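You will see chain A twice below: alongside chain B first, and alongside chain C after that.
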Partner chain A sequence: MNLNIRPVFSALLRNRTGAILVAMQIAIALAVLVNAVYIVKQRVDRIGRPTGMDVENIFAISSSGFAQGYDHRATLRDDLAYLRSVPGVVDAVATTSVPLSGGGNGSFLSPRPGGMHSGFTAQQGDGNYFEIDEHGLQTLGVRLIAGRNFRPDEIAPAPLSLAHTEFAPSVIITQAYARYLFPDGNPLGRTVYDYLSRPARIIGIIDHMHGAWPTVDHPDRVYFLPRMAYGPRATYLVRTEPGELNRVMAQVEQHMGTSNSDRVINWVRTLSSFKADTYMSDRNMGTFLVTVTSLLLAIASLGIFGLATFNVNTRTKQIGTRRAVGARRRDIVAYFMVENWLITTAGIVVGCAMALGVGYWLSHQYAMPRLDLYFLVGGVLGLWGLGLLAAWQPARRAATISPAVATRTV
Partner chain B sequence: MLDMQHISKVYRSDLVETHALRDFSLTVHAGEFVAVTGPSGSGKTTFLNVAGLLETFHTGRYLLDGSDVSKLSDDERSRLRNEKIGFIFQGFNLIPDLDIYDNVDVPLRYRRMNRAERHERITSALELVGLASRMHHMPSQLSGGQQQRAAIARALAGDPKFLLADEPTGNLDSLMARQVLDLLEQINEMGTTIIMVTHDLELARRAHRNVHIVDGQISDFRAYEPLPEAVAAAGTIGR
Partner chain C sequence: MLGYYLRLALLSFRRNPGLTALMVVAIGVGIGVCVVSLTVFHTMSGNPIWWKSDRLFAVTMDSWDANIPADPERPQLPPDQLTYRDATYLHRSGIPQRSVIMYRSGGVVSVPGGADPRPRPATARVTTRDFFAMFEVPFKYGGTWNTAADESLEPVIVLTDPMNQKLFGGENSVGRTLRWNDREFRVIGVTAPWEARPRYYDLNNGHFDPPEDVFIPWGAAIALDLDSAGSTNCWKSEDLSTREAFLNSECVWIQMWVELPDAESRARMQSYMDAYWAQQRAGGRFPRPRNNRLTNVDQWLVDQRVVSNDNRVLVGLAFAFLAVCLINTVGLLLAKFLNAAPIAGIRRALGASRRALFAQHFIEVGVVAAAGALLGLGLGALGLYAVRILYTSENPNRAGYEALGHFDVVSILWAAALAVIAAVAAGLYPAWRIGRVEPAVYLKNQ
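Coming up: the complex of A and B.
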């Protein structure tokens, strides 16, 4: 096949307008495509990050005591005993909030005494704590990598009033938070201080866990306090054997709805559904970007297709003449493919500059990581392919024009 | 030599069948200059298209330069058109977006000649037709006669054995028409076989031989001029 790029190019230069418009469409499509795919990729990665927990097999159930005689401590004791006895349940715990739910308890730990004035006041909510008993780690499915779990005798009873909450003698902390607090050396056994400068010892370190706010910068700065949660609201997390979640959920909801007439069940929900809600904006953003990008790509393809079709239709005599003087069918196909390749390439060159510009602007404006060049390379290859694909049908049709057209049209 | 025997060509549409060529036989010898005349719709263009491998035919036998062309593939027909046949059209058919030089270059590129040889052929063809100084003009910047001469240069650059012209002067005034015919005569004298369809009987008379087509068949032919010796020696001219 003889590509003859130079004369195709000179002929194209004499018919610029349509070509420039289509090239601009391609440029814009490329700039948006590359950056949108990059953003979507980041969001998808974010949603797919490991949470450290057995998310698929955990559900949460919330109850509120309302009656005069409601006994929070007794309710927790009875409910937990029941939950841990249900067949198919791995373990259960009462806590203050649901991980990944977007609502939780924040406070900060400091490696030095001095409380608010320790010089270590990180931003608000820097540490995210959960109150649990010795069943907490197993219920969440997190992995202890150093130290030990809480012992039953360490667990403080549910406070009767928030004013009298003591800090804890001991805490279990995520590896990420421990490294942040003690960048040098082994954090196990070290003392941390709360906002009132009250001390606690780090007795265990867990591998990894996302807390209540997975979309913040450091969702893995989590620690556990050995204490039953304050009432009259109680939130239980229940971990089931794989495949048992729905059955256990239904059974538990039914039982707990009637087991204690001093309280009501507020809701029963899977941890997965909390996670899905928390990442809703990421998913919506992804869907929006994919839709917009697909539309732009469709418009660019239609532009290429339309221009190629127009060119074929307005050049039937020229095509017939080329055939008459010796062009084979594939030479005609090649002509239109080369022509469209030139237009696409012009658009791609401009589009690369635009993509980098948009990427730079986004990274500045929204503190996003800089555009990964692999995405640009992928976008360029993709648009080249799309351009060739969109021009293929008109080019094939051009090749079917009879050489007799040369003598039959004047 | 171009040898057609009992060729038929039928155009079919939903309603009608047009027998554009019927039992059509004609032999054109190397070096001849044949003018084809006939009423409108008689089949002149059809004959030229079949002869030039632009269209296929249904029955009969056609030997072009000694070889049977009825069973050739589309690609082989393209190659033969490129190498053996030059076309001249009533409407010139120059490519409007290419300058004269590039227009003459079109068939040579399809022959995949190297750049130096193409350049050599383009310039000598343009010199022959007197357009060497206009090679970088666009077709729209030339007069009709100049455009037709550029088209003749394109047809000649590939050094074809046959030049097929369908009313090459149909769009030209009589002065420009005569110049074009002078050029064709000059080319014929250099050895190229020419078949020219024309309505102009005065121009037709300048050919060696006149073939008159009526209703898809040859009704009459006569020689106006003594034939070139080579042709006369080759034998009879005829159906």
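Coming up: the complex of A and C.
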């Protein structure tokens, strides 16, 4: 097939406006497409990061003691005994806050004594702690990779006055936090210090876990203290056998709603729902971007299609003439495809510059990561394909124009 | 003449119904997407008390660590809350017309002997008596507490309208008693339905969360040790093991707002804060450079990043989208008009001026844009409904986020404005172009 670009090009130059309009649409579409897909990919990656926990099979239940005679320690003991006895429950634990919920407790650890003046710089999100007993790791579904779990005799009872009274003698921490605190070697058995320089020994290391604030820079700097949580609020995490979550949740809510009249149940929610709330804005951003970008591509395709159709309609007689003097059908198809390809390519060239500009502006203004060039290549190929696809039908229709048209007037 | 042009427009639509529908859809979808993103943006960036912008101020002081700022990303900002000692000291200055210190708390409420005596969890705002006047919270029944209740234990409570509905079936409950954390409180007021979007007065727990269920006087809350259920941030290595130690600590957990009606009172308040800062610094506190701020609501919303970057990006995206829709429409209009150029040529030959042709075609565009705007409004309403669904959460305290997707007058105004922009942007060039056809060409050809 002989793709004769010169005549197509000079014909285009004589009829610029429509072509320019389509090229502009292609340019904007490319700039939006590339950056939108790039942003969506980051969000999807973020939401899909492993949490280290058995998220799908865990729910949380929160209660508040309010009566004058409320006994926090007895409540914890009775509730945990009940929860661990429910059929379908793998394990249960009382803790300070719910992982992935956006609300939790943080207190940094330091590899040296001296508190804030230890010369050790803690950052936002460092040292998110959970108070648990020996059932905690099993309930969360996190994996111990070194050292040991807490022993029952290590667990401190719930403080009767304010929390933070005593630091624990031993802690279990995530691998990520351990590496950050002790970049130079094996952290197991090393001593860490709290903000008042009180020491604790690292007795166990878990593989990975996201703490209460998944959106901070280092959500995996988490540690566990062997202590029952301070009252009068009690938050329990319950892990169930797969498929048993809803049944167990309903049963537990019913029982605990009436088992102790000195407290009320604040809420019962799945861990998945906390995760969904935390990533709500990421998810919605992704949904918006995908929706609007798809609409934009659809409109741009319609534009290409519309222009090609218009060109075919206004050139019926010329096409007939060309056919009459010997052009084959595929020459006509080729003509329109080449014309469209030229327009699309012009749009793509401008669009590349715009995409890079928008990408730079986003990273500069809104601290988003710099646009990955692979996405630009993908966008260019995609729009080329889309342009050819949208022009295909009008070009085919042009090829069906009969040579006899040339002999008619109008 | 207008009627005649409208008739011509209608004829023209009938000639190319498909093309006309395509234009209406292009404009409609473009406007719809813009209406959704602008409405959400408007709700997010709105100042719900704009008429007090020159007199309402958040009070902050930089009490943080010498080396590490409260927000390492923006070291110039002080922490957004105050310590207990600073808040209670500044609250006593007597300079502002109104002064409010407050925090979020939670507890359990019940009405023994009421229709539904079951205890239930509730959220509370611990605050001082001027809260309602300062933030313009209307009362349905009763009113706020007296000054003494800010200082000492007076077991009185103000309910929000929804809470009053739950506890007392919505009737005038002033004078009735209820139990808060198993302690008797007397209802002295019920607020009328009220909501601040965004919740500028305390942005710590969700920017669009609904107000707390009840209001408890400062004096009672402090006397009864009601814990904060909001955000507490500490930086100093100090003992926090007793309530006393905590109240005296460098932990920030209290929001403070003042109403300063004129420049003179603002200056006095600022120098009061600066003097207090200097005196405390001499005593070893405030290791950072002086950074005592009175921030108005507009600036406060910016500092607290209520409008997320995502939303700005989405507004930009919506306009890029509208641009593509309009460029598309320009192309379609051109095609349509030039297709009918012979008719225009005849009209010109019969004596119609260029201006008349322009007017005729522009009116045609106007009708398309108006139809597009109507379609856009419909699509916008649909889109906002989808936004509400996307923001639905299982957490009852986050219910306010759904309010982002509210279709209101602003949406309609936006749609109308965008329709005008669309008509001008898309129609100007094609209408001008058709006015310039040479009648002779078409006469000859026929």
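To be clear about the criterion, the second predicted complex is superposed on the first by the 404 of 410 C-alpha atoms of A that agree within 3 Å, B and C clash if a C-alpha of one lies under 4 Å from a C-alpha of the other, contacts with A are read in each partner's own complex, and residues count from 1 in each chain.
FYI, a contact is a pair of C-beta atoms (placed from the backbone, for glycine too) under 8 Å apart; a residue touches a chain by one contact, two chains touch by 3 or more.
None of the values given here were measured: they were computed from a predicted structure.
Peer 1: Once chain A from each complex is brought into register, does chain C clash with chain B or fit beside it?
Peer 2: fit
Peer 1: Output check: A:A327 vs chain B and chain C. Expected answer is one of first, second, both, neither. What do you get?
Peer 2: In the superposed model, A:A327 contacts chain B only, not chain C.
Peer 1: Thinking of the overlay built on chain A, is A:P169 touched by chain B (first), by chain C (second), by both, or by neither?
Peer 2: Neither partner.
Peer 1: Please determine whether it is chain B or chain C that touches the greater number of chain A residues.
Peer 2: C
Peer 1: State whether A:Q68 touches chain B only (first), chain C only (second), both chains, or neither.
Peer 2: It touches chain C, and chain B stays clear.
Peer 1: For A:R14, select first, second, both or neither according to whether it touches chain B, chain C, the two together, or no partner.
Peer 2: first
Peer 1: Looking at the overlay, does A:N4 come into contact with chain B only (first), chain C only (second), both, or neither?
Peer 2: first
Peer 1: Using the superposition on chain A described above, determine whether A:G382 touches chain B (first), chain C (second), both, or neither.
Peer 2: Touch partners of A:G382: none, neither chain B nor chain C.
Peer 1: Once both complexes sit on top of each other, what is the least C-alpha distance from chain B to chain C, rounded to whole angstrom?
Peer 2: Minimum over all C-alpha pairs of chain B and chain C: 10 Å.
Peer 1: Do any residues of chain A touch both chain B and chain C, and if so, which are they?
Peer 2: Looking at chain A, the two contact sets intersect at 410.
Peer 1: Show me the residue ranges of chain C that touch chain A in the complex, using the header's touch definition.
Peer 2: 19, 22, 26, 29-30, 33, 37, 65, 68, 72, 106-108, 118-121, 181-182, 235-243, 246, 308-310, 312-314, 317-318, 320-321, 323-325, 327-328, 330-332, 334-335, 338-339, 387, 390-391, 393-396, 398, 401, 433, 445
Peer 1: Which of the residues in chain B end up touching chain A in this complex?
Peer 2: 45, 48-49, 52, 54-55, 74-75, 78-79, 81-83, 87, 89-91, 93, 95-99, 102, 105-107, 109-112, 154-155, 158, 166, 171
Peer 1: Can you check the complex and tell me which residues of chain A touch chain B?
Peer 2: Against chain B, the touching part of chain A is residues 2, 4, 7, 10-12, 14-15, 317-318, 321-329, 331, 402-404, 406-410.
Peer 1: Once bound in the complex, which stretches of chain A touch chain C?
Peer 2: Result: residues 17-18, 21-22, 24-25, 28-29, 31-32, 36, 39, 64, 66-68, 115-117, 121, 123-124, 161-162, 164-165, 195-197, 263-267, 269-270, 273, 276-277, 280-281, 283-285, 287-289, 292, 295-296, 299-300, 302-303, 306-307, 310, 313-314, 362, 365-368, 410 of chain A touch chain C.
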